[in-house]
Structure formats: C-alpha cells, structure tokens
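Both complexes shown next keep subunit A, but they swap its partner, so subunit B is in the first and subunit C is in the second.
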Partner chain A sequence: MSLFKREIPLVLTFFFGFAMIVGYYLDVPVFIGDGLDFLQSTSVALANFALPLGAFTLMLHHGRLVQRKTPGKWPFSLMFLVLFPIISAIGIIYGSTSSSYSWIYTTITSPARGAIVALPAFYIASAAYRAIRVRSKEAGVMLLMSVLVILGNISLGELIWPGFTELRNWILTVPSTGSSRAITISLGVGSVFYGLRVLLGREKIGFLGGGE
Partner chain B sequence: MNAGEKKSIWERFETIDPRIVRWFVVILLCVPLVVPLGIPIRISEPTRAVYEAVESLPEGSIAWFDIGIDLGGIAEQGGSAIAMFRHLMRNNIKAIIVGTGQTPDCHLVWGYMLEQAPDIIRDKIYGEDYVLLGPVPGQELSVAALAASIVGTVDADFYGTPLDEIPIMEGISDGADIDFVWVATAGEHHNWYIRHWGEVYGNVITVAMTGPGVGDAVAVWQAGLIAGLQASQRGAAEYELITGKPGVAIKYMDMQSTGQGFILLVMILGNLGYVIRKYGSGEK
Partner chain C sequence: MIYSEGRLWGLIVIITSMVLTYYFIGQAKKGNVRQIRHISGLDALDEAVGRAAEMGRPVHFTAGAASMISADATQMMAGFAVLDYLIGKTTEKGVRIITSIARADTLPIAEDIVRTAFAKSAHPENFDEKDLVYHGEREAYRAGILGLIHRENVGANILMGSFYAESIVFGEAGANVGAMQIAGTANIHQMPFLISTCDYCLLGEELFAAGAFLSGDQEQISTISGQDVIKVISVVLVIVGALLSTAGIDILSNILGM
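== the complex of A and B ==
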C-alpha cells in the first residue's frame, strides 16, 4: 500500500506546494490565479475539519484518564467530559451570539482565562528576583539590560530620568533588533530548505508515515 | 554560615521569601487603583508613526481592523484597540472588524470595547461606517485567503447579513481594496499580513503588540514592513494620550510602574546581597 501511503500524498504535496509557490512569486494567467485562490479558500474550510477531530481526540484522551482513574488528573478530566458537551451543545443549538452562550463566556471563560494570563505575572516577579543574579559577565549584561528596559518601559523610570526611554529604545532598536534579525534570517533560510525537503519527500513527516 | 548564625541585612535581601515578593506585587498593583499616581508619559516614535499613518488616510478610506487577541489579552491590548477605533471613526475612516487569531473571540473583545467606551460608535451607523465580520478561523491560511478574496472567504457578517447587502462592503473584494490594516496580536499575526497583504498590495499596516513580542515587532518596524507599532501597555497608553482621550491604558501604566518598579527593586537588592556575600567573604 506504499502507493497510497507515500507516493500519492507526495505527488499531491509537491504539485500543490509548487503551484502555490509559483502563484505567489510569478504573474500567472487569470485562470491559474483563480484556481489558487480557490485552493486557499478551500484550505480555510479544511482547517475547520481539524476542530471536530481535535474535540474527538480530546474526549478520547480524557475518557482514558477517567477510566484509569489517573491520580491527580481524573477529576479534572471528568469535569471536562461533563462540561465540554454541554457548552458545545449550547453553542451549536442556540448559536455563539445567544445570551446563554455569551453568559457562559463572559462569566466563566473570560474571568478564568484572565486569571490564567495574570497568574504568571506574580511568578515572573519572584522568578526574576531569584534567577537574575550576577554570576557571570553575561548575567551581568543581562541584568543591566533588564534594568534599563524596565526603567525605560515604566513611566516611573522616565520620571526619574528621561534618558531611560532613549536607552530602552536604543536597546530595542540596535542590539535587540540585530539579534532578532539574525534569528529571523536563519529561520527564513531554514524554512526554505525545510519546505524543499517536504516538497521533495525527503522529510519524515506524519502523512508520509514518518517515524516508522 | 552556621545554623543559628544571624543573617546580615544583605543576606536577607538575597533570600527574600518568594511569597513575600508576590504579595507585595499584589498590593502595589492595587495601590494605583485606589490612588491614581498620574505619572506623565512621553509618546515614543513607533506610536507617533501609527498616529501619523491614520492621520494621512483620506476620509472614507477603508480600514481592516483585526482583533487578533482573545479575552485574556484585553488588559494589555484593550486600550490600544479602543483608542485606535476611536481615532478611525473620528477621522471618518470606515472599519471592517475581523478576528483571524487563534481563538474565535473577536466579537467578544468587540463587545468589551463597546462596553468600556460606547462613544467610539457614537453617530456612526452599523453597515455604513463599520461592520463586524467576526472570527475567521484558519490563522495564516485565512489571512492569505482573505487577501485573495474577502467575499470568497466570508459570505456574511457576524449577524448573518450577506456581504452584498452591507453598504460598506460595496466594491470591496480583496486585499487591494483595503487602505489600512491594524492588527492586535500576541504573536506573529502581523507577519501574516506583511506576507499576504503588505507585500502583495502595499497596504499600510500598523500593529499593536503584547510585551514579549515587542522586540521582534520593533525589528519589523525598523525594516519598514509595518508603518507603526503600539508596543504593549505603554503603546496603548501613548495612543490614548496622542489621540487626546485618556482611558484604561493610562490607568494601567501607573500599575505597571508600581509593579515593575518593585520587581526592579528586589532584583537590585537580591544582586547587591549576592555580590556583597560573594566578594565580602572572599568566595570565588
């Protein structure tokens, strides 16, 4: 069955991948351009298929945790198994603009998500205090940069000395931008070669039976 | 140090209980809510560039307003979104509101914006001055698809009205018909717009970015790929200031000053304690 597991997916990947690259970089005839636009619109619809698949896998995973009564996990999984279908059903039956769905979102999901986003701030505070120590020259530079960026970022810093803002801007636009560009360029070059390997079937990835 | 030996003040600075640090942060974040400090803020160059980009748009231009953040990002980006939308409406620029981020929350963030600042749509008509298309799933795929064909990707607004019945959508078919793109993001959302909109159609793009992504976004701004940047909470506060309508972001800046100021203080004290213990005792 190698034909269906490897050759056909590889040919399809190569054909569509190559077509998209050509369409992006070259001025192609209108009918080809329209075809590529159609492919892009289709890919948005295809992306939506991932949602029910993800929901199913999630249910399966948590179902197993409950079945095995995995210590420290199964009560949360049980909560998920009860709440997930209820909230999904409300959203599907009454719609995501309905008052009941909005109520769930604004009174449960939103505050919970806000709390999760806010919590790390306190841990970052204590972690920054414990972790950033001048144990080496490099750590010293990092501490200095951290102090200057924080002082330039907060309005209190500007009140102490207006130059902190300029220093912070310089750090962001010169050393930070330089290193960021180096990473971006490396990533870009790496992505091109990775993409070529995928298109040519040289990369061991899921749909080609990678990892076997 | 032997057990029972009394710690010096410097050693105490080095070993402050993390729980004390966290509690102090909580208290110091609450102080400005009770007693606003009103510390002045100066407008930075990237924020001014965003303002000038909007000011340079002629009346009746079409802005693409992508709320790429979820409800968790409101505290940091909500101020930017409100101030930007107000500015667009004040300058009679029409806005198409979408959300191509990871979570389909843009309509809820939009609801929050209206709750916080109902004046942003005062005297404006839905469908003529602004429209909510709602979340478009697919992330970069959807941004690319929208660039190629807006009407081919979304056929109705968030409330189900077909796009061809909405006056603002008349004559708009793809990214080429959009004059200005504003995107709020906590990641690399802006890069999708640069790749599929800016580089293809030459749209003016400005970005509101959360704190951790500011370094990368500044690099993109310096390269000229985006016209301006509202950097984190500070960028939001600066935009409120430059558009002449102080709001939540300016209030949060005081909290940032007290909270981050304290973190800075304990970092410095901890390091002083470390250096004095290390070099004072001759330890290498």
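== the complex of A and C ==
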C-alpha cells in the first residue's frame, strides 16, 4: 500500500516537479518545452475527472439526507436533488449560452450570488471598527494612517487641506508598498523551501494525504 | 544561452536553496539541530483547543478555497499540516473538530488527512464523517461556513490556507460568536482582514513553516534555517540596491534582471 500511496507518487512528483523547474529556468529544446506544456494541460484535464465523481457523491450524500429526513437539512437536499439534474440537463442539451440556461442564471443564480457577494461590505465596516480601536501604540499608528488615507480619498479632505491627496499617495507608495514587499520576499523564499521539501518528500502531510 | 532570459537569478536562488536544504538536513542528521524562533500563532493553537474544551464548543478548521491545480494549492497543503496537528490535540482533549472544504478536488485529500489523523490519535473512535463538510466553491463556501460558525457556535476558528474575499466574512463571523481565532495566509491582499478580525495571524512565510514547526521533525525544522540565509542575502541586496539606485547607479538591477 505504501508503495502506491507514497513511494510511486513521490518519485513522480520529484521527476515532474524538477522537469517543470528545468523547463521554466533553462532554455530547453522546443520538443521538451512542448512536452512540459502538454503536462500542464494534462493536469487540468486530470483535475476535471473529479467533477463527475463529485456530482455523483453529492447526489448520494443529499439522497441519504432526504431518506433519513435529517432535521434542518432534508428540504434543502430535496431541492438540490430536483434542481441539479434539471439545470444540468438544460445546460448539456441546449448549451450554457442558450436562453433557457441564461434565464436560470440571471433570475436565480445571479441574485442569490449577489446577496452573498454583498455580505463583505457590512463585515468590512465592523472589522474596520475592530481594527482601528487604539489598544496599543501600533494600533494608534494604524488609526492615524487610516484617517490620513481616508482624508486623501474623499473630497472633503482636499477641502480641509489640499496636501492630503499627496500625503495619501506617499503613504500608499512608500511605507505601505515597502512593507508589503518585505512580506512578498519572505513569502517567495518560504514557498521555494516549502516546494523543495514537498519535492524531496520531507513534508509528511500534504498532497499525499495524512502520511503513513 | 542555457538559461531563459531574465530568469538567471531565479535559477541561482533555486539551486542555492537546494544546496542549503541538503546542507541543513545533513547537519540535522549529524545532531547539529538549529533552533528557530517560536511562532506565536502556532503556539496559540493549543490555547485555542483548550479554550474550546473549557467552553464545550467545537473547533472549526478550513484551509481555504484553492484548487489542487492552482499555484495557491501549496498554501492549502501547508494548512492541512496544521489540521493534522489540530486533530491530535482536539481528540486528546475530547473536543469536536469540524473541517470545511471548498473544492471537490481537495475533498479526497482532506478526507485522507482527517481519517489518518484520527486513526493515529488518542481516540480514533471520535471520527465522524459528518464533521468533514464539503460546501462547494465561492458563494456556497462563504455562506456555508458563515452559517456553520453561528449554528455550531464554534469555540475556536482556525483559518489556514489560501483565502480570498471570504476571509473577512469568516473572521467577523468567528469574532461575533466570541471564538478564539488563528489565521494564516500567503495572500497579501487578505492579510489586513485576517489581522483585524483574528487573535493571531501568521505572516509571510510562517504558514509554509507551520508543517515543519508542528511536526517537531528536526530535519524539516533545519531546512527553515536555509530560508533565513536566503532572507539575509535578500535584505543585504535590498539595502545595497536602494543605496545604489539612490546614487543613480543601476548596476545591481541590471545584473539581477539577467
């Protein structure tokens, strides 16, 4: 079991992982480059194999919830069991650009998605209040910077003092960009070493599951 | 030219990183174990589980919404190492842990990690497949976890992986129910939201170091010392580059652009 679960996947990961590194950094002959492009597109195709499996598992899962009449869940599962095959059939038969499929999308899917997408607007307001409470010197600096950036963004700020816009631009392009680049560098270095640990099989938990 | 134009220094960094990885693993094998600083967010995981146990509330974990074939999959994998550790701790303390998954291609891997972690834990019989929740992508994931956090009244909310616009929703939902929250992501645009809503947030490469740090495996931990060498070189290059650019000399940027 370990051979199929660990050794063979690790050898394949090592081989293909380093092949991709070589293809990206070295000036390889065209046929090798084409082979690596093929590998990349194959990975997308392989991942799509999970879709029919996922659809089947979902039907089974919701079927069980309806069968057991699980409180608070079965009406939604029933809705799923009815709507999923209908919408899929319309999409497969008439195509995803057809008027019937577009009607479902614009009248049902889109408003429902819009409602969820709008949620962060309210949460950002309460998170901003949580973030700018002055509990330490650092939070005080953050509050000051936030106020300056807000004043630089709104027309009232420019009325109070025209320099707010320039100050806002300086805050965003110098201290803010500088600190985010420091994080970017550390992220880059960290991900390179993490990738190497994965390729060498040193990360025990990850894409191979939970290990031995 | 044997290297692709503009990628020479990337290649040099990769080769140097490989050499350093092997060197520090070799050193660890000889018993020269490097000490790395403690990461407060990871140290706080035990506290979060303990608090959830005291309150009699479950722990919630999610590793983000990345796909297995995206570049962000590494963040999710790093997050799963935290999940493995958390399951060990929660079973030890008799706390229920709920794991939320967003993508179909991630589900089998997450299931294997959860099953294996329970199997090697103190109470493997506590594994309940209903606590591994598949929400679906985007809005379904966002709405699903939002509801779950409130319905289950989670005592600890652990967010480790690749997050997008949902980070603020999860963070605020957790804060609203009074959960202790620990987050970690490599998505810079989401860090401010997680920092402002969570008690602890892993910054920069700390998420990628989590697996090595929590495993306690000295060979893995030693490789993190290699990262520090590259970071020191980067800092020196940044300072020298800034001074040279200010003086109007762009030799360093020309060399690094090769």
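Note that in this section the second predicted complex is superposed on the first by the 156 of 212 C-alpha atoms of A that agree within 3 Å, B and C clash if a C-alpha of one lies under 4 Å from a C-alpha of the other, contacts with A are read in each partner's own complex, and residues count from 1 in each chain.
Keep in mind that, in the parts below, a contact is a pair of C-beta atoms (placed from the backbone, for glycine too) under 8 Å apart; a residue touches a chain by one contact, two chains touch by 3 or more.
Note that the structure is a prediction, hence the values are computed from the model and not measured.
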item: Subunit B versus subunit C as contact partner of A:169, first or second or both or neither; value: first
item: First, second, both or neither for A:126, with subunit B first and subunit C second; value: both
item: Which of subunit B and subunit C A:116 touches, first, second, both or neither; value: both
item: Touched partner set for A:44, first subunit B, second subunit C, both or neither; value: both
item: Which of subunit B and subunit C A:147 touches, first, second, both or neither; value: first
item: Partner chain in contact with A:21 - subunit B first, subunit C second, else both or neither; value: second
item: Contacts of A:31 with subunit B and subunit C, given as first, second, both or neither; value: neither
item: Touching partner for A:180 - first (subunit B), second (subunit C), both, neither; value: both
item: Subunit B versus subunit C as contact partner of A:156, first or second or both or neither; value: first
item: Interface residues of subunit A shared between complexes with subunit B and subunit C; value: 43-44, 47, 51, 113, 116-117, 123-124, 126, 128, 130, 180, 184
item: Residue ranges of subunit A in contact with subunit B within the complex; value: 36-38, 40-41, 43-44, 47-48, 51, 96-97, 102, 105-106, 109-110, 113-114, 116-118, 121-126, 128-130, 132-135, 143, 146-147, 150-151, 153-159, 162, 165, 169, 172-173, 176-177, 180-181, 184
item: Interfacial residue positions of subunit A with respect to subunit C in the complex; value: 21, 24-27, 43-44, 47, 50-51, 53-54, 58, 61, 112-113, 116-117, 119-120, 123-124, 126-128, 130-131, 180, 182-187, 189-198, 200, 202-207, 209-211
item: Footprint of subunit A on subunit C - complex, ascending; value: 1-4, 7, 10-11, 13-14, 17-18, 21, 25, 67-69, 73-74, 77-78, 80-81, 83-84, 104-105, 107-109, 112-117, 134, 138-139, 142-143, 146, 165, 168-169, 171-173, 175, 186, 188, 191-193, 195-197, 203-209, 211-212, 215, 217, 219-220, 223-224, 226-227, 230-231, 234, 238
item: Subunit B - residues contacting subunit A, complex; value: 16, 18-19, 21-22, 25-26, 39-42, 44-45, 70-75, 104, 107-108, 111, 136-139, 141-142, 144-145, 148-149, 152-153, 158-159, 214-216, 218-219, 222-223, 232, 234, 237, 253-254, 256-264, 266-268, 270-271, 274-275
